[in-house]
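Before I ask anything, here is the structure I am working with.
Letters A, B, C, D, E and F mark the chains in the order given here, with residues in each chain numbered from 1 onward.
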Amino acid sequence: MFVIKIGGSILFDKENQIKQQLVSNYAKTIRNIFSVSKKKCAIVVGGGKIARKYITATRALGASEAYNDIMGIEAAKLNARLLIAALGDIAYPDPPRNFQEFQALFNKTYKIIVCGGFQPGQSTNAVAACIAEVTKAEKMLNLTDVDGVYTKDPDKDPNAKLLKELHINDLVELIAKQTTKAGQYPLFDYTAVQFIRRSKIALQFINGTNPDNLSKAISGKQIGTLITH
Amino acid sequence: MFVIKIGGSILFDKENQIKQQLVSNYAKTIRNIFSVSKKKCAIVVGGGKIARKYITATRALGASEAYNDIMGIEAAKLNARLLIAALGDIAYPDPPRNFQEFQALFNKTYKIIVCGGFQPGQSTNAVAACIAEVTKAEKMLNLTDVDGVYTKDPDKDPNAKLLKELHINDLVELIAKQTTKAGQYPLFDYTAVQFIRRSKIALQFINGTNPDNLSKAISGKQIGTLITH
Amino acid sequence: MFVIKIGGSILFDKENQIKQQLVSNYAKTIRNIFSVSKKKCAIVVGGGKIARKYITATRALGASEAYNDIMGIEAAKLNARLLIAALGDIAYPDPPRNFQEFQALFNKTYKIIVCGGFQPGQSTNAVAACIAEVTKAEKMLNLTDVDGVYTKDPDKDPNAKLLKELHINDLVELIAKQTTKAGQYPLFDYTAVQFIRRSKIALQFINGTNPDNLSKAISGKQIGTLITH
Amino acid sequence: MFVIKIGGSILFDKENQIKQQLVSNYAKTIRNIFSVSKKKCAIVVGGGKIARKYITATRALGASEAYNDIMGIEAAKLNARLLIAALGDIAYPDPPRNFQEFQALFNKTYKIIVCGGFQPGQSTNAVAACIAEVTKAEKMLNLTDVDGVYTKDPDKDPNAKLLKELHINDLVELIAKQTTKAGQYPLFDYTAVQFIRRSKIALQFINGTNPDNLSKAISGKQIGTLITH
Amino acid sequence: MFVIKIGGSILFDKENQIKQQLVSNYAKTIRNIFSVSKKKCAIVVGGGKIARKYITATRALGASEAYNDIMGIEAAKLNARLLIAALGDIAYPDPPRNFQEFQALFNKTYKIIVCGGFQPGQSTNAVAACIAEVTKAEKMLNLTDVDGVYTKDPDKDPNAKLLKELHINDLVELIAKQTTKAGQYPLFDYTAVQFIRRSKIALQFINGTNPDNLSKAISGKQIGTLITH
Amino acid sequence: MFVIKIGGSILFDKENQIKQQLVSNYAKTIRNIFSVSKKKCAIVVGGGKIARKYITATRALGASEAYNDIMGIEAAKLNARLLIAALGDIAYPDPPRNFQEFQALFNKTYKIIVCGGFQPGQSTNAVAACIAEVTKAEKMLNLTDVDGVYTKDPDKDPNAKLLKELHINDLVELIAKQTTKAGQYPLFDYTAVQFIRRSKIALQFINGTNPDNLSKAISGKQIGTLITH
């Protein structure tokens, strides 16, 4: 069992268009890995730009932050449906609406369940980490548009180096410095990290702009940043 | 009881941005009308450009037309949530997922229920017409970005004239000439018109780019095109 | 994957009694076909006389046409349960209540799902066609008490001839001449035909008073009327 | 709060036709009583002849007794919908599917909830008694086609006398002599009587072929047989 | 298919602590029996002391007996979750909330479903008997802390003898002498026995303080008391 | 609108018995406050000792931490039902199962909704804070068995002083030093505090062993520790 978190940022190009070909490639990669093996996976897709567009609107319209979170959740589910469309009948046709629905679906019936968000105050990273815990997953893979965790911000400092490994306590420290608003959950959030830490989940950050990285990570190759306990 | 269908096309500008101010104005107009009176309303919001963007992607990814319809339904529900955010607690906080949920919600509890689509093969117009029938609505108002039904296509023919009234049989004839694909339901579709015809529902097409037109239509003013029986 | 629509008219005799033996024979035929093969099927059962009896009552009691449709849907589900009883544990024990429930059930778990109607304004034919589309069914079989589509009404004109094939456009034209009331959906309705046409579904009309015709149609024999695209 | 159990036998005439006028009269009587007062009611409708017809068929088709019970439950819900149609929007539009649904509906929202059965092994009398207990109803009224409980079987013995009152212990003794099959729950059953006894519910048996008897019983007049504790 | 009723009394020791080791042993025994065979089972767990503790409180707080029953149902479900935790992924992760949910889960998907109670007025014995009927179970095993049914109360009379067999009619007579309150359902109750009698279910009472007795009873050994028809 | 979090620790005495009288007093206090005013409240009850007892067992039986959380959630819901029993029909009769259910219930229908937990990884404090955010509550009151937040641990240091006010940033710092296991959520947790901080919710910690403190806090008196922004 693997949990794959696909950042919403990967799914859209600079003109805000859906990267259809990438979605298609991901579906092929995932089918290749899981249709032959006995393993299963849960995929959690983020909200990306479309989430932020709707959240900007509802925040301006006076909604509560919890409601704004729901906009992000629903946008993430719309993105999840893109992947479901590409995966075909190996995947359950709907993203589950909450943890209870996920748990009812998971278990022998479907090889793959694709999720968006579940409830306010919980990022899609937290959804993925919670699923990793309850399914006792081998590994949770976090796919974004960067190569992993750096010593410094690579956009600002040319001396920033990619960390091959990072201890969970150091990840917690990094996170502690962040602040949160609906739809703006950073690299990883505190609620998500709680699951990782308390159940010693193997978490790996990899660059998701190329689906091959996913194959590599699942077959156990060193790539990106691995969180150690 | 009124049923208001708001075309998704009204909600986005040419740069594909959400017309936040218009949504806000609609919320004010609707609150003005319904918070004082004993009347209730159901609002059905269409999928618009966002629906078409996602449908284009899933169709290319090989999904069935029914699945593409679902993309349109979910996009319409995301749009519906924009209006819910602006309406505040006068409206039920979630768009119902199917007819049964709508019916359970409707009846004394909430003044306003905002819906997107319900199920494949059924346009948001059909959802609105079905609701108008089951609630025995006084009137169903169809808001698009044109002024009503014309004798000819006004974009192509400068002599096209707006019809103040149109008999249901003539509307059916107009519709019979159209073809359908998921997310491309034209002005009005056959499934929707069946409800209108069999229950003699008062249907009015008006220009929705200005919320004042909604106030006029609800207060009984002649505007747009009225379907007669 | 096959979709089988069984007209409610087949299930009752002239004295309004349930044709128990026919239901039993259908169950045997269907088990024979599907228990050995890897194929699955969805069966949609119509409301028949019992539906019309209840609809007549609720219409007289002042219910909306949408409500009358619900009476037809519930009666169809009662009929569906007859077939479920006869099929035993090869079939899911309840008719799904709406499209979402069907979709959650369909996929690997059960070989056979038996449905009645889903929602107002949608005939059991439309339910069957929608299922055929979303499951990408090989064929949709429509079983009634006539042999197929005729050139003219065979009850009125002895020269009427059974059509072996009929183009979808010609079927649409036939349908365009009909009118609709709750519980009185004719041979085939416009909403249903939209699915058939837009997804080029192989639709075949056969005489369902003899279950052997079902076996023949599924094994690919020419029988009844086939709709071509 | 009152609970009214309407025996299915009242709703059909000897030719198995729906007694539409009686349903309409009941709706008028019930609206008269409850629309003016602050009181609420729950109505439980039995399955009657239609239930027995379907149960006979499923039993012959080899279904379990629990499944046969479900046929009775669904038929009872179809009958419940007749009364809902006649009551209009004073009643919740669907019969609840189980106890949890009933409880969610009951409480301030609707004046009247009309139920059929809930689950196998539980007669509609037991449903009514359970509702009477949980809602702490003033009275539970049991409407059948006889005048109440007699000293002997009035069809067989001309000396049989109607009992104005009957102690709960004597009712239990009467019931102990009966046997049960799905759809053949007699006058009152043991599961139902348990609720009545343990919570000392005021239960009254009255003749339901005339809706006026219902008005009389609710206004406290002596009529039929009252169970004492 | 087997139905196993585990009395809540078995799960707690005299100091009201959970008998964790016994739960673990039961899980091992049940996995041993069912993971190799093609057979399935449903397990119904009672409420035990924890149920009585909460019911005592809610009764004192003025709740209806139906509400008190719900406390017992929820406590039984909490106990059911203990067994689910120990069984791991061979069992469905949640106790079903009502009969409909059980039926939707049962059928091919899971080997084992663990239940608590379903609804007021229905003991966990009745839940087990209803499941035994609808699934046409080979046998229903009733596990309590006594060895079976005795000629007299063994706590009071040293001459009391364990009955190897007991006819259903004699069981009914025994039960007729009992009275009921929420959470105090005795050895077996009338509602439960109705299922047993009408469907001639093979019911066996055994001592559940030792999980080996379960293995013996399932492999067909004479143990405890068998109910005959 | 107020959100009241009642710590599970308040509900049980040292012998692990339910403090029935305290529950009754709380119900009276809450009815006094809310039955007269137009205000509503949501109450979230913690799991307390009963939660820890079951979690200890399931952890030993090998369940995941997420599953252990579910034990805590269900125990909290059992405790919530105690309060519901005492509140009577002013409260919704069931604790909602997740955020979506809460949101559907909240809004005009019920004055009071009593909740336990919602989903793994989320303490009952986080549930309460999320509800406070989405309902734009005036205040969230956190009732435990201590008087508020102290400068030091009052059990260890006699010089510890109760803080009348505490800035949210200081609360966050306090929390950052804690670690988490299922069922052992300390005073307040990081997920909960995120809602408080991002929406500037007025949070007050008070001693809940005396219901009068609740009345005082709601009427605006200075008591316990107030979190400032």
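The working rule: a residue touches a chain if its C-beta (ideal position, glycine included) is under 8 Å from a C-beta of that chain, and two chains touch if they have at least 3 such contacts.
It should be emphasised that the depicted structure is a prediction, and the values quoted were computed from it without experimental measurement.
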Mind listing the chains that sit against subunit D and also against subunit E?
-> C, F
Taking all residue numbers at the subunit C/subunit E interface, are over half used by both copies (same) or under half (different)?
-> different
So which of B-C, A-E or E-F is the twin of D-E, meaning more than half of its contact pairs are the same residue numbers?
-> B-C
When centres are defined as mean Cα positions, the distance from subunit C to subunit D in whole Å is 35
Distance between chain centroids, defined by C-alpha means - subunit B, subunit E (Å) | 54
Centre-of-Cα separation between subunit C and subunit A, whole angstrom = 43
Counting only residues that touch at least 2 other chains, which ones in subunit E make the list?
-> 67, 93, 100, 109
Okay, what are all the chain pairs that touch?
-> A-B, A-C, A-E, A-F, B-C, B-D, B-F, C-D, C-E, D-E, D-F, E-F
Per the touch rule above, subunit E residues touching subunit A in the complex are 89, 92-94, 109-110
What does subunit B use to touch subunit A in their complex?
-> 16-18, 20, 23-24, 27, 50, 53-54, 57-58, 60-63, 67, 70-71, 74-75, 77-78, 81-82, 85-86, 88, 93
Seen from subunit C, its contact residues with subunit B in the complex are 64-67, 97-100, 118-122, 126, 129-130, 133-134, 136, 176, 180-182, 190-191, 194-195, 198-199
Can you name the residues of subunit B that touch subunit D in the complex?
-> 100, 103-104, 107-109
